[in-house]
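One structure below.
Order as written gives the chain letters A, B, C and D; numbering starts at 1 within each chain.
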């Protein structure tokens, strides 16, 4: 890793511990505060993938991975928010020159956008938007960041549209994770005149998310494990520190080792040539890893881990939610099997 | 990885498939043939860590790791043999100028040596060599490569001695793995005049084995998994190829991913600065991984996997034996815990 | 060998399942979870309809299982109002039973069990609360308790506290005693804990005791035997936690099976089929371990090895099942009760002795059986 | 519910354990393993001492468990000489029983069961062997069989072969039949398989049938029902493989416990203590699943879900236990019987339906119970 990325890692790390850690509970309970969005924006994080002239930081793959990992280690909600704005919204808008200037508003934290892809996640009743006459009408379920000002959504004509009016979010769903983001169905009744078609290739867009999702997963594991290690050094039971007991210490040592191994792989492939197979492999492994490690971290904390105030249980919930929002595991495992066997595999 | 190491990887890979694969069964049943030792020697593999002037290849850490990995993928026995000769015997002898020329005989495949470290492996009755008057007398249990011409063994004065006469191996132990090497107790009755003290630091010597043992583990996993993938593409059941079934395909895809991740880590740390913590982490993870993958590969082969002729079951046995000979897991996990918690940990 | 439950117990199981499916509506599950409220009405209803029957242990066990299968938060709240009552049954005086136990059994009062402390979770012998004997025979209690179920809604709690310093480090568990403390007494305060990950319909609080005067007749059993009483109690309640865990695991399995029934594409994937097979097997293994431990307990012959095996294995099965079901059902599971089941499940590995504690108990008692002291 | 075995069965268990500890000496275990020899003498002794009792299924079950606990190779060899006999008991004619079954039950003859083929392991319906009916009513058998236990020492084997082509791809399992084939008949040859990873004292062979003439009276039951007979048989033998697996797992646990008893440093490590606790729990869970399945089978009411759960879980427990015990005992385990136990264990996940097959059976039959066709 070069100097520039090292600096970025430490800058974001400091941001995470100074600006996210202290308000983590607030983020979970009330959502990401407006002021925080401003702070994220002024650091260039909100427009991570946006070009400089639109207020962005124009990060490369490694820089973007480092950013998400470090944010996720303190607040998976914030990391997922930045990921959603960049990997989906900004990248989509960049495809359409006419609306390019909206990126400035997003990277500036003035507005937020969301992208609807739950229909790709084997979701039973995702809802649908129909294009009827001069309207886009319908309801979408399970929309993450549903309080957004700007939606990029699929209609029944197979196209994606950017809309900025004529919608309203409904009551929230159960909220497994990423509680900093609103998660609910959204009703649409938008005039087609206000809808702008975005010429995106959704498969490519999704393929590009393997690496950032891996980075979030690794960040979650890192954040949870660090807290568990600190706690095990402080907390006593049976007259000894928790770290002194083999089952806990060995479990954490094992997790620490796997984390380092995954982290180096993340860095390797983020700075190497694009390799979708490797990115997919990392994603599938690191999502499961994040869940296992955050569960371990919760268990190390005992009863306290079960309380929101300790900031541990959220990692476990968020890791679980990431494993759901992070991609359709079954389809992706089939895809990976086919890449590995070099012929169609894993389809029965 | 630079060009030189890439070439080495392909050269050893070819050697493994052309010179080891065809005689694998013979190696398992009768030991490593003399001619093979000659072939290993002429390639410079037997003296991998020996200097050029003593017939060695003077490989660096990365080269040595690649060598062992590739050999292990076809024959873990041969890889372990090369490892034993180099990481223990040659490295020890290099510490004593007077006997330096023996290295030529080892790297030339003329003689073989062994190093006794089973006493470090939490072994209940390792036996002992006593230094009494003018003799080194006693019996050592669980000596690997016990048909060696040259032994480096500890005596009860806490020193290590090189001896070349006055010993004879006893009946073999049960032979879990590495069947190409003799494994038995050895009786010693050597005149002290024929014993040469070797001024070695056994802890350092062991620390230096983490990386090569990881390489063997990763090689075992690679060899077993490749065979399983090939088999799954060929073998049918229920009117489909095995690779078509998700549970098998996904299991192998997962293993393939982890293997690639571990392999990149191996290469990273083998070419980076020495980092004992990382080397230990990799060893602990990769030994367990080798066992899990070779077990999976056996299962993919069904009943055939259980037969020696298919060359699969040996990976599982060898991986298990490597996990035993590869180091004292409990002690090493304590050591790793202490490195990670930066204070004594995992001792209860 | 006979692996079947008496018919009337299986009948009761059906009745409880019907009750839970009817009363634990999606709205209620969500309401009490989101608002972290104890469902007094549901508890009352369950009592009145005879769902909770403390007089037949098998009846209680399968009821716990079936209630938690539909919703752990509401399910646990339905029967946990008597938490600690076994202590009074086994060790309480006749007066104590009459005054404190019977109103609970009649569904009128709520009880709690206060052992855990902020500084001592699983390590019961490490507690710091003190009861000091006064010249008049009464005791003064000082200290605080953490994670106390029913803490802010109970009428009284059974408190464990030191009545003398430990004789030595090895004998830290000596000189502890238990007393019944009424929550309305001066010096008692409760601070409801908000923001639990799951089982949010249950009430959990931190308790603080400042110079609380306890009359001598409220001391339970013998002075100095408190630790022993607690361990005896855990040998009972661990089986109930195991039953809750089986309920959760079964509930998770139900959901993935439901999806497989409705969604042919889902159920045609062999990896999903294997997942269901593996989950069903583990749930059954956990159930058998639990019923074996229960069977011995209910014959007044509890085996701590079997009890801890059941608790540990069942609790891990609960989190495994909830996690796995959620993983494979994806968003479909995330916006249904499965999401809650997932959050609820994790506490099973912590309550009544974490999995780590259970393993230590298993090891020690198992080796004792093997002839090792 | 009752989780105890009858006293006479527990007595028998003790007797079998004593037998195994006495007769399965370290020397014998090693000799028959290394030389891949079938232990005729031990088999005879076990029969004569009444160790093997086919008339009481619980007796047989615990005997299998206890024999394999000490040594799977010798243990399996002690009772497997009657392999396939349930087929004759259930579907054989009186003449077949008299001529072929009784000499086996008297310990005089050895039988085998020949289903698996080189091209079709777990996929029984995929076999290619054929029996063609001749004008004189006899059948001509052609084909080969793989991994046949007792293959090179049996006096006769029960063979599954096609008697007509499958009516369709979905009905591949139709038109298969079973016959008793004597190994001395012309055209029958056996090729002993050397180099098995484990259970090397048991005999395994590849069989080849070249124009073997089978008299009509050697056809078992009805023509065309062979697949059904095999599946019925597996519902029985899977339980025995589960029992072998429990035996192996218990044997591995025994060894780590023995080491813990002798070696204080070893047993004082908490990670070792946890390992013992986890292993003991899994072994018990596997045992309970197995006994439940057995209990139903022995009441002539087998449940394929429970049977396959038992087989799959027990087999995985065997490899897990052997692996784990060997891992933690290190070299100490590697030069003792534990090494053999490790090698022996792996076949449990393959025999009588691999774990993958068991999971498919569990899924299909479980969903049937849930009302899905």
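Heads up, the rule we're going with is that contacts are C-beta pairs under 8 Å (C-beta built on N, C-alpha and C of every residue); 3 or more make two chains touch, one makes a residue touch a chain.
Everything quoted here is computed from the prediction, not taken from an experiment.
Visitor: Please state, in steps, how far chain C lies from chain A along the shortest route of touching chains.
Guide: Each step joins two touching chains, and the minimum needed here is 1.
Visitor: Tell me, please, which chain's centre (mean of its C-alpha atoms) is farthest from the centre of chain A?
Guide: D
Visitor: Averaging only over C-alpha atoms, locate the centres of chain A and chain B and give their separation in whole Å.
Guide: The computed centroid separation for chain A versus chain B comes out at 42 Å.
Visitor: Mind checking the centre-to-centre distance between chain A and chain D? Centres are C-alpha means, answer in whole Å.
Guide: Here chain A and chain D have centroids separated by 51 Å.
Visitor: Please set out, as single numbers or ranges, the residues of chain A touching at least two other chains.
Guide: 245-247, 250, 330, 333, 348
Visitor: If you look at chain C, which of its residues touch at least two other chains?
Guide: 269-271, 274, 356, 359
Visitor: In their shared complex, at which residues does chain C touch chain A?
Guide: By the definition above, chain C touches chain A via 30, 116, 119-123, 125-126, 146-147, 169, 172, 193-198, 259, 262-263, 266, 269-272, 319, 323, 326-328, 330-336, 339-340, 342-343, 346-347, 349-350, 354-356, 359.
Visitor: Using the touch rule from the top, collect the residues of chain B that touch chain A in their complex.
Guide: It is residues 229, 232-233, 240, 243-246, 249-250, 252-254, 256-258, 260-262, 264-265, 268, 278, 281-282, 284-285, 330, 333-334, 336-337, 340-341, 343-348 of chain B that touch chain A.
Visitor: Which residues of chain B touch chain D in their complex?
Guide: Contacts found on chain B: 118, 121-124, 141-142, 173-176, 236-239, 245, 247-248, 291, 295, 298-299, 302-309, 313, 316-317, 320-321, 323-325, 328-330, 333, 348.
Visitor: Taking the complex as given, what residues does chain A use to touch chain D?
Guide: Residues 245-247, 250.
Visitor: Over in the complex, which chain C residues touch chain B? Could you list them?
Guide: Touching chain B from chain C are residues 269-271, 274.
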